[in-house]
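Quick heads-up: structures coming right below.
After this come two complexes, each holding chain A, first together with chain B and then together with chain C.
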Partner chain A sequence: MLVESIISNGLAVGAVYALIGISYNVMFAASRVFSFTAGSVGMLGGVFGSIFIAKMGMPVVAGFLLTLLLGAILGVITEFVAVRPVLKSLDQHLYVLSTLAVALMIQQLTAIYFSTDAVPFPRVIPIEAGIVDQKFWLPILACIVTILGLEYLFRHTLIGRAFLAIAEDTYAARALGLPEVGLRMASYALAGMISVLAGFAAGQLLFASLANGPLLNFYGFVPVALGGMGSNRGAVIGGLALGLFQQTANYFFGGIFSSVAVFIVFIVVLLVRPEGLAGAATARRV
Partner chain B sequence: MKAKQRRITRRGLLKGSAATAAATLAPGVYMPAIANTDPIQIGYLPAFTGPSSSTGIGIGRGTELAVQEINAAGGIKGRKIEMVMRDTQSDPTKAVNAAAELTRRHKVAVMWGPLNSGETAAAIQNIARDGVPHIHPCWVDTLTDPKKYPMAFRNGPSNQQVGIGANHYVVNVSKAKKVAIVSDTTGYGTASLDAYTPMLKKIGGDVVYSASVDANNPDLKPELLRMRLGGAEAIMPWSVNAGFLARIINTRAELNWDVPIVGQTTLGSGQTKALLAKPEYWEKVYPNNFRNLSYDAQGQLPPQSVEFVERLRKAKVDFADTLLWWVALGYDGPRLIAEALREAGTAPADITAYWSTKVKSWKGVYGTITWSADNRDGFQQEEIIMVQANSLKDGAFKLAPGYA
Partner chain C sequence: MTAESVPTVGGAATSSTWLPAWFEAWFPVILLAVVGGSLPLWGDSFFGIIATRVCVYWVLVSGLNLVVGFAGQLAIGWVSLLTIGAYVASALTAGRVTPEIPAYVSLVIAALFGAVFGLIAGLPALRLRTFYFAMTTLGLSTIVTQIALAWRSVTGGGVGIPGPSMPVPFDTPWGFYYFTLILALFCTWMTCNVAASRFGRSLVALRDAEVAAEAVGIHKPGLLMTVFLFSGALAGLAGGLFASLQSYITPDAFTFDLSVLFFIAILIGGRGSILGPLLGTAVLTILPEFAAPLVQWSTFLYAVLLLLIVLLVPGGIADLLDFRNRKPLDRHREIRPRPELLGQVLGDGQRGSVLEIKGIVLAFGGVRAVDGVDLQLRSGEVHGLIGPNGSGKTTVLNVISGYYAPQQGSVARDGGDFTREGSYTRARRKIARTFQTPRIVGESSVIDNVMIGATTDGRASFVESMLSLSRHRRDEASLRERGMAALALVGLERIANVRADRLQHSELRFVEIARALMMKPSFLLLDEPAAGLSVDEIKRLGQLIEAISRQGTGVLLVEHHADLIFDICDRVTVLNLGKVLASGSPDHVRTHREVINAYLGA
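Entry: the complex of A and B
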């Protein structure tokens, strides 16, 4: 029971962290900005799902698609409100403030218009709990689908290659005539969709709760730092490792000490490999 | 005839002014007696919107009924009472500003509320500084203090009393000796854990597990396994987080463990119920509540509460969608205030003196109150009991098994 519980819970929460990490990366690749809205938008995935399906009685598919659409819109709003105005002064890191401000606004509006309490999330697939319940495998499935989707997008489509070009060298891509602003907005829309997908898939595990915003923002950033900034593969490995380690620490240390254990490991990894486990050290001109 | 001209001298002017002043200052002698029929203003700070609004709305219904009844019966010696209400929106900052407005601009005679601990903690110092007599129902222990807040009185239990009530049930009524205590990591959670653990040991409880846990942790199985390994015969969770409490209840069921869960009121809330994987998981869950407003084994409320419910029905006050004890608490507050105004007048010192010396075994619908100069926590310990979470009917619960 012990190993089974660590693996099912660890992989499930790890997959959620990985998805939020990928969302951070998609935004970072397009703009060199870490938008701290990823977790708050992820929290809204659960909130929207709960409102559309449980409260308004929409079919699951319709509720899910509407959630994705709203995630994309929120991503575009983030780009327009919090990122675009500060892009010219990236070195001053003003995006930290502007994206945190948007995240704070999302949290406050959710508290006012939704609830500060956890609210139930409906069962997405109407089947009885089997050996492993859907609340555990849905986030893992969402993570696998996202990775495969991104791989296909970046390797086999023109727009995906354009994304990569922008991520590689913005100036060169612009010189080639690529629509930088449009691609950046599309990246943010994609990141918003990935974030709400994380919250939606984890709705049964984490409930639809305001408290998930800061939690996802924080733990979602750890795989980015662990795996290497901009590396989706690193984010997935980092996220799953984080989830498994967190659950193992939860069993062996218990209570709040598991969080302490997680951050000790996090700091040690960053001291040993500051570029992250899957990241490459970048050369710096001196 | 030559008219005699009178000169205005300084001495004459002084004499005239003195007579005018005397006439003004001694109305009983120089002015006809006119009864004051202006309404007596009472400051009232409920949270009708925001996260604490469910409590505020329930308490508000009782308050409104009490004020209607007091005024319909002639008010206070011919003067109506008027609640000067401000919605705090569940925001402590707004509560502080509203309290200042009521005490300074409106010069209210008494303050009723704020009605939740966070707002009262923020506003109580200002209300005390403005010298306004004050009743609130909030549980946080530090919200009464005869020295710091000499005019503040509580018409609800303190957290200390709630803990004593729960511990008494676990150890003395349900006869569980090995107990697991768990809290979330909030100030309320950790303070409760620290306060209740020694209290439990003192009455013979063996605390086999005690920890604060992150309320957002989705997997509480390790914690419950530790409790079970320790041989816990009861779990006492201290948290107001419905998600955390629901996870404890769900995990207990997943482990096929039927140990009773005894603790905070939120265990019996609709939010907690909504988060349970199956409704039957609510079996053997006992939140704290109040004897006067609980059904006995035969499903009957105490006589005074039956009469109160009848009165609510007659006045068309809805209570099925809220908790009866919230409505009763709201009903008792204005009645305690009205009694002091009627018997002691509107001078702040007289009101406080009345509450300190005359409120002895005051029979409210919510609870029996006894205040003194040194004790502003008037709720009676024996009226704090545990109830069956899955027995909610018309806003009230059935007593937990084992009570006489």
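Entry: the complex of A and C
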């Protein structure tokens, strides 16, 4: 029972971290920018679901689609407000501050207009709990669907290949005549959708809670940093491993010290291997 | 230019502001002392409490300012150190872990804890990318609050714990106010000292020109660790004061909003300034108190403010207050170096030394950028290194400077091999260099940029500089004098106090040479110093380089101007596709058939 609980909780939470990690990666690929909005928008996935379905009584499908739409819009707003103006001077790292500002605004608006406490999330699928409850397998399902979807997009569609071209070499892609700005906005919309999907799918597990914003920001970034930035495979493996590690530590040492353990592992691994466990060497400096 | 117009030490003659230099340097301390000291005369007790809060926050922000404003590290979660300091001081005075401890002692221990955790929080900054460091400080601040909630026996959990109460005469509100004001003044004074020392200049250099900072011997990890310790100690102290001011603390008191306030105060104030962040802290602390309906919205407004500053005024208040650099510069400035001053700058050169590069190989992926290059540089001679674009000239320089470790081969001076030592060790071996694109700290004055060159000659420790002890003052006087001499040598002494980013490109090249000469180098590596200079300037540059070599310094000159090379070089090495094509006297190389085919043309 103990092992099952660790595994189901760990994989479910890990899938959420992986999704947020993929969201970081999609934005990074399009713009070389890590955005603090990844986790805050993810938090909104749970909040929107709770508002639309539980409070306003919308059908689950409608509430879900509306949440996705709002996620995409928030992604585009992030690109327009916090990323595009600072792309010129990428070396000054102003994006760290501009995306932090947007994430803080999202957090504060949620605190003022929604709630500062955790609010329960409605059941998404009206079935009896089987061997494994939907709150565990929904995030995992969302993660699998996202990976398959991205795989299809990148391998089999023209737009997906244009994405890859931009991620590989922005200047060359621009010289080829690819609509760089449009594709970047589309990437941010996609990242926003992946983030809210994570929050929505994890609603029953993590509730609709303001506190999820910073937590998802941090724990979603850990797999990206450890798995090597830009690598979705790394994010998924790292996310699931992190989830399992955290839940194991949770059972043996209690919740607080599991986060301390994650933090220590994160710092130690990065100090030993700054490029991540699977990353490449750094670029030339002089 | 006559000898009389060479400015005096301290550069007061050229600054021509309406205030004496010392007043300008100590203005933050004087302002705080006058306004803060007289507050009880014109403010009521409500104001006193807000002013106490400003002082407590400023104790933290003044230290954080060195990390964020000077070193440019995005430490956004510094509230974690405030939390640690507050709980340490409170738990100790309340006797939760030890017998009850006096309040003063608890503040000292809080500062010690702050220093240790400041170092831990800062460790990732030594090796990691900017965003990673921002993220880890953010992570730390979340975790510290969680621990405060959970560790009930020590922190009181959600119920909280009383803060330390100060003994007489600091037990009244005004008494406590003066206590925090004195500490705030002390912190301002210390950070002003650090900012005006070689440590402050080195931090700014690491922020804006990291590669050049390493070349002059600044050891990034060592310096950053010192600053994290200092900043952490002030944050821990501020935490103890904060707990005393609150008189009772719970984890709710340490929201992330506080971190944002600290951080934005520095950004509004402006990077590399002390007055700006001081004003920023005061404004951000006072404003919400007088706009009660906005309290709920205050963090949202901070966020909006953060976005607006980043997008619209990255320079902050300090830029608006920088009147000196509004004055237009003389438009037709000519650079006239005075090689006759070289003896004063370089001193007695050490002759008979050899820098030997043997068989270095360096490949980037499949490209062999340097493929077995040998080169000997002797003191007192100018050695030209030429070749087509991409032939590996700059890469050879970068291997000598230690930015790249070659896969094979060695670099040694007089038999002492240092191929694999970090780039910051080159300054100790008296190997200086300039860069193809000048690496200058644009926001610092020209003289500050030049003084960075002799960072390793400073004798005062960080603590001596922080407290402005005599060794620090001697260091500063001698560095400034040498800096002015180096500027006079390259003919730029008239613009010593101008912000470097206002200079023309050609002037920046000469600033880099002055900075390199500050090191009194035995070997000087020049990477395309003539690029972008006028014909006249190139001629004067040539004379300067020749004069430098006559003083005993060995010069390695990477250049595309063939005339300059064949005019002043004693020996020339030609590279092509990473290999040595020819090497020898200028005449030998000039007539070498393969060199003509590959590079010079008929």
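Note that in this section the second predicted complex is superposed on the first by the 280 of 286 C-alpha atoms of A that agree within 3 Å, B and C clash if a C-alpha of one lies under 4 Å from a C-alpha of the other, contacts with A are read in each partner's own complex, and residues count from 1 in each chain.
We take it that a contact is a pair of C-beta atoms (placed from the backbone, for glycine too) under 8 Å apart; a residue touches a chain by one contact, two chains touch by 3 or more.
From a predicted model like this one, the values you see are computed outputs, not experimental measurements.
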Side-by-side fit of chain B and chain C on chain A, or clash: clash
Partner chain(s) touched by A:Phe34 [first = chain B, second = chain C, both, neither]: second
Touching partner for A:Ile112 - first (chain B), second (chain C), both, neither: both
First (chain B), second (chain C), both or neither touched by A:Ile256: both
Touching partner for A:Leu271 - first (chain B), second (chain C), both, neither: second
Residue contacts with chain A in the superposition, chain B compared against chain C: C
Partner chain in contact with A:Asn9 - chain B first, chain C second, else both or neither: first
Which of chain B and chain C A:Val96 touches, first, second, both or neither: second
Touching partner for A:Leu215 - first (chain B), second (chain C), both, neither: both
Partner chain in contact with A:Gln247 - chain B first, chain C second, else both or neither: first
Clash-bearing segment of chain B relative to chain C, given 189-197, 243-251 or 297-305: 189-197
Shared chain A surface residues [contacts with chain B and with chain C]: 112, 215, 254-256, 259
Sites on chain A touched by chain B in the complex: 2, 5, 9, 12-13, 111-112, 115-120, 205-207, 209, 211-212, 215, 247, 250-251, 254-256, 258-259
Complex contact set, residues of chain C against chain A: 74, 76, 123-124, 126-132, 134-136, 138-140, 142-143, 146-147, 149-151, 211, 256, 260, 267, 296-297, 299-300, 302-304, 306-307, 310-311, 314, 364, 394, 398, 401, 403, 435
Chain A - residues contacting chain C, complex: 34, 81-82, 85-86, 92-94, 96-98, 100-102, 104-105, 108-109, 112, 214-215, 217-218, 221, 225, 254-256, 259-260, 263, 266-267, 270-271, 274, 284-286
In the complex with chain A, residue positions of chain B that touch it: 50-51, 185, 211-219, 221-223, 225-226, 241-243, 246, 271, 274-275
